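One structure is given below, represented as structure tokens, and several questions about it will come after.
For clarity, chains are labelled A, B, C and D in written order, and residue numbers in each chain start from 1.
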């Protein structure tokens, strides 16, 4: 359960309030507004606010006075055109804000996307909760032999058991020391009058990278898609990909035409190099092209054949 | 009249539409949503959309689950604290989108604020209207003798008359040539079958810098205040300051607590140098400080005395 | 001649000075340092400074202590890998600074690339020279019938003659009025004691968009390539493409391995949509695919056939 | 010793190489180029590369052809003017690149400065060394009673001893588990053939936030000063302030005129609110102003009196 009962009550209270607005609204996204979507064992993603919709992309592209949309089919065509030709500025005219709870090592990957606004929970100011990420056994895998940045096969059960015990015991112990050093309970009361409480900004350094933090994260539609292109991808680490997958759903609800164009021209598309294009042309001309006569390295050849759905 | 009758009708139609939303709304800003505020002789600023309010700043600073606001007085105190200590990220959590019509030479100053999203009307793609800025006589001034970037006294009536004639005649003539080169009327029909129409992306180069362009401009609350701090300031050129002044009103409607803190800690505040502080301390101690014994140049001394409301 | 004799003398003086440095240096780029490369009729691009080289990209990717390069072949391989997989941050570790003289309408396109540092010559502060862009007749073309943002066939000689006369006369006249309003000659002396000189920040609005301005423009290697990908491209307007072409040469001198990877994976590459990939697979399987049974619009089909070098 | 003998040898080798360049060079900065400045117990900062100098700031402000500097006194005056009036773009024309080794919890603060380029050592790809930060006893302090984000008095010796033991034992143990899960020694060899080695991207989550990471960090002179203004400040956490202090020295070597202006107009300066200015005016007029009749809260009053060097 990623949120407490009190937190869920606050969320419900906010969901219950409605107001009238002249702004564009998106009913499909309003349906899930504020509601946390669980991710990993204690994390979540929830949409806090949004600005604009598919029509706002069209409106900005046309710099129009009115709503900028006559027919959905025209909007879809223009959005596809903008996406195909990498016209990014109209997509920057929509904005979305998330509240995310995530392990610190995931936060450290995420923050590298700089074109976003972030407010993180401060462990200088407040005490972090005792919540840490433990992978489920099916996500514990060996180091990949092919890809130095990836995972290989799943650990055998007893190996997984051993790893999970280490992770759990170390996190438990480190949190215990954290509390001991702080000499405060969760309500901020002194535990032991004989001991001095270490400053929070120092004590936090004893926590492990799998402890959860949380932040508000706001970005525009263009940069959201940049994030999703890299993170909702098979090469992304599983622990960040599950967040991106949850956000793909919010993208689909929010801007369905943009979502469709994103799938067609980004997620399902491929970038083919100059040499790759020349190879495809030769193949279409009936040439028998092999890795050896292709001009590509083995790795690039395998990547190209993968894109073309052919066995290397 | 900065918009045509058709444009005003489109605006009215959009203002008439309302929807129910779970998002935070700001009634004072909804009141003027979409409505153009006239600026200069043919320009305007209008708010197209917004995200967040004062409470959203507080909510982000606290990374809270609920609305993040118990009492207005607490919110005001926290917002003042954030502004005073230059904590900018919570203010980045609110976003606003404007539609602006403005002379090209103003647009060229404005665009230097890079942390914003922009979609400008394309003169490669479309034909610009015949609308150019002519200052009113009371804004025609001589080059300042003191400040190489500023204006001095107002032109005498016959001089102003001469200048306005030059500006008007040159703009009229250049627009005439623009149409002649395009060989198109406003509806895109060929005017003279004997002539070839020059590409729009070329013909536009004949227009003067006082012709109007327009754009959608979106930024966050923090960067909006950066813009206003520089442009709603006595040192800014009059022709951009009037836009900033109109936007100050939307800031006040949108986030009144932030607006008050902005006036207190930015617009009405002063940055005093190390030497300036030492001088103030000496003055408070009863020393007689003069420019000569101050360690400041004449210019800096005059600036400091200006800040302290004393005659230099 | 894009620079005056005095300016060329200043440039020569700076080129004549050398110093010893421990920093990485690139002899090929030093050869042209400070030297203006003429562009259009009065413009230029010149490299003013640079930081890093191909090895610095590798060094950053490896976060290494030493120079980070053992063999050129390894560096080339890593740079190709980074480019192929869109790992942009190592390329951000190199920086280049240009001085550019360019028509204002080109500057207005260029400035839309926001991830760069810019200092532009101020016409609020100084008087602009009488230099404006006149296209050569072979670059005067009609509006394209196919592409609303492009050019079609070249104007006939007498039509070109007519257009050039309009451009020249209007620019001459507007500059004359500019001087008249300023009431200053080029040295800043008052021309006519009977007249008041209009403030520079106002007078400049009478200039046409083909007048030349200049700026210092600094960016990192990654963002330089983003600029070149869009502007050294057949779809870019000719008047900005010639600047990008000149900068391609500096890229080649500065970071030859990165340049080669850029040509292979960006300039000469193609982005193929999900549907496009499915079509290529069908074609490779021997299916007869036509636009009608492809699932693509006529326009997209033509684009895909263009990429594959097949007649649509 | 923050670097190994091999690393120091690589550094020495690079320092020994010199080349001739036409670029501006700064001898004072060249003196320390590549040389690590030790920070905390295992960290360092070292300058890897730089572009520009004080004269380059002036040159950009003037958009000049030559070196842009006639007399040092004029340059100093212009730089002071630019700093005083918040003209930031000329300072953006200089660039500096650092290699930094720092604890992860410090890196997490640092990365919030988004206008910079970063390449961090990847613990997905490589194994982190066994190096973690242990504060020296004089930097172990209790939570501040006044400031929820700060430290109070120093811990008593036996309390400091207790805290250091907890930090050391937990870090030792967590690193041991990390190695155990990886089943690799430092050279990447398998330790125990019976065990499966967990993927690096997973094992890293067991490390504590006081383990060291390292990165290349590049920024421009303007944004470097933004960083230093916040981090070389008494309110910054000690563990990041020591890095900023070391970087202040490189700023002084690199651009001494800018450094002096930074100290005068940023570090030693104060921002006084509208109400604060009114109070100073009253005090200068001889009024007896107290917190009660000042219109300021107790906290703000104390801040203002601190700035004015008066006891509240």
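Things worth noting here:
Definition applied: contacts are C-beta pairs under 8 Å (C-beta built on N, C-alpha and C of every residue); 3 or more make two chains touch, one makes a residue touch a chain.
Everything numeric here is computed off the predicted structure, so don't read it as measured data.
On residue numbers, the B-D interface is repeated by A-C, which shares over half of its contact pairs, out of the options A-B, A-C or B-C. Note on interfaces C-D and A-C: more C-beta pairs are in contact across C-D. Separation between the centroids of subunit A and subunit C, computed from CA atoms only, is 34 Å. Centroids of subunit A and subunit D (each the mean of its C-alpha atoms) stand 29 Å apart. Taken residue by residue, subunit C touches two or more other chains at 89, 112, 118, whereas all remaining positions touch fewer.
Looking at the complex, you find that subunit B touches subunit D at residues 77, 84, 86, 89, 112, 230, 263-265, 267-277, 280-281, 283-284, 297, 300, 303, 307-310. Interface of subunit D with subunit C (complex): residues 3, 7, 10-11, 13-15, 17-25, 30, 33-34, 49-52, 56, 59-61, 63-67, 89-90, 92-93, 95, 97, 99, 117-121, 214-216, 218, 220. Across the interface of their complex, subunit B is touched by residues 103-105, 108, 111-112, 114, 118, 122, 124-125, 133, 135, 140-144, 148-152, 155-156, 159, 162-163, 166-167, 170-171, 173-174, 177, 180-182, 184, 195-202, 204-210, 237 of subunit C.
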